[in-house]
């Protein structure tokens, strides 16, 4: 479909720029690593307490770095008003949305790929004992952040106070995503992993992502065109 | 390609929250014509351009785009629009060639290296710079790239928002000549500007906005002196 | 909105409030129990239980507001008619106030019943989250400048779609009225009358506040438009 092709063009443009400068990846990854270090100091070295706190640490790191990366990725479109050029193109506007969302999802995943192993390393918790469900929940989380984040980052592009409004809008809406992520991670990391519970949360997040993807496709143009 | 030859703007109103940007503007744009939209800051010129470029949804009124009488809508209208603004609309992290290739891909036109190079030749962008990132370009080079990008898709409706700002006298004259040539080739050209000198003698249609309303409209050629008089009389 | 609406609802609310205060404090049974030594059981609720009558009456509107503002915002985005935006903004404004009442009264009740000021139990968590979405909406409206209506509408719609997920995520229920019957069936007979009267009076109060807010926003807009017309005609400076 033409929409997907155009979305791929937009996504590839973003990823190519990012691969070239690596600005967002480096800064996000570094910030994520710093968060992990702060967390290790903030929590006692008692193994059981730490095991309980790991899911929260991971998802807080994903939340913060994800929001920052999102802001930066869309800031690029402000620099020379290139967002206007994208919206002016004869492609369906939702192709622009899909392209930016895909690129953002990759950025968030890249940061998660840095934070998760670091957490596992510093705190000695086997985050990847069950790699498949773990990767699945992180991917679904990244998609959710990218989808909802892209809608509002694009909407706020020319709005006053956008830097502070983006988290104000995003965090309440993303709460179910973070709860699902932490509960699933907790179920996988526990002494006796609870796969049923983990699978329930994976499904939950899958439906959440699907619902908001459909909603975003539906309202994106209305929200972004002034 | 359905080249637009008529844009009918009818009673366009736009309100941003509490602010009224446009109030009932009615204007007709035709092919082979260059319309200068003048007015003070905040008069609504940029908003009007936004509405015509489909980037701003009016709170009232309609805009009809026609090609040989029949209505053109949706993405097909955007295909015919070329925009030149104060911002370059190009990615600083990509090279000139990459920027044009991206535009070609989005518009579904030939983006091969030959086509891209031809477009860059037409604006006179130095060959050696074409593979450097656009953020390393001088202001003049950025202007050329922006123009190449706008013209690559051979638009029939060319919208320019303060295109002369930041250009020196020669650059402004050169741009004015290019716009005149495009107009003569059949395009609808709309220029929003403060620089009366740059468009003097080239424009054949003048519209003046004040506080969101169209207070003056006339077709005909204007010298610089005539433009100044008409502007001072109506824009205040 | 007819001119009669606000005074009507306000009067109904006032009467309802007066009646329910009477009923709640003088007619409804006081909940207390005796322990084995036949002395008054210190941990029972006494007057704190009366909070329920006011708490539930306000809680309902938190949910209604999210859906009303979400639906209104969808229509607003389609039609760009500011009337729909007025309804969304007014419902949220009032709901934020009502939500604060819910959370505070709920806290007091929790301290009396469970000896903690707050607990992460399902209904409280859900109310808090919905309230946070509504507060976010208010902040966006206040600080986003001229495009605030558009951005806030987006937030309302996304918030509305998020409600089922928040509901599913909170899990098991330990709140009074848990289970399929709902709160009403679990109430002793003497309490049902006052309960409905107080819920009804808060319904009227909510409607009175929202309608009057919508009317005032509309009046502000009319004044602004008149002023613009005056400036256009040169009648005003």
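Just a few scattered comments:
A, B and C label the chains in the order they appear, each numbered from 1.
Throughout what follows, a contact is a pair of C-beta atoms (placed from the backbone, for glycine too) under 8 Å apart; a residue touches a chain by one contact, two chains touch by 3 or more.
These figures come from a predicted structure and were not determined experimentally.
Relative to the centroid of all protein Cα atoms, the closest per-chain Cα centroid is that of A.
Among the other chains, the CA centroid farthest from that of chain A is the one of B. Across A-C and B-C, the chain pair carrying more C-beta contacts is A-C.
Chain A and chain B have CA centres that are 38 Å apart.
In this assembly, the C-alpha centroid of chain A lies 33 Å from the C-alpha centroid of chain C. Centres computed as Cα averages put chain B at a distance of 50 Å from chain C.
Contact with two or more other chains is made by residues 145, 147-148 of chain C. For chain A, the set of residues that touch two or more other chains comprises 226.
Along chain B, residues 16, 57 each make contact with two or more other chains.
Of all residues in chain B, those touching chain A in their complex are 16, 50, 53-57, 75-76, 78-79, 81, 83, 85, 87-94, 102-103, 105-108, 149. Looking at the complex, you find that chain C touches chain B at residues 80, 82, 145-149, 224, 228, 231-232. Against chain C, in their complex, chain A makes its touches with residues 148, 151-152, 155-156, 158-161, 164-165, 168-169, 172-173, 175-176, 179-180, 204, 207-208, 211-212, 215, 219, 222-223, 226.
Interface residues of chain C facing chain A in the complex, by the touch rule stated above, are 74, 77-78, 129, 132-133, 136, 139-140, 143-145, 147-148, 150-151, 153-155, 157-159, 161-162, 165-166, 168-169.
Across the interface of their complex, chain C is touched by residues 15-20, 23, 57, 59, 211, 213 of chain B.
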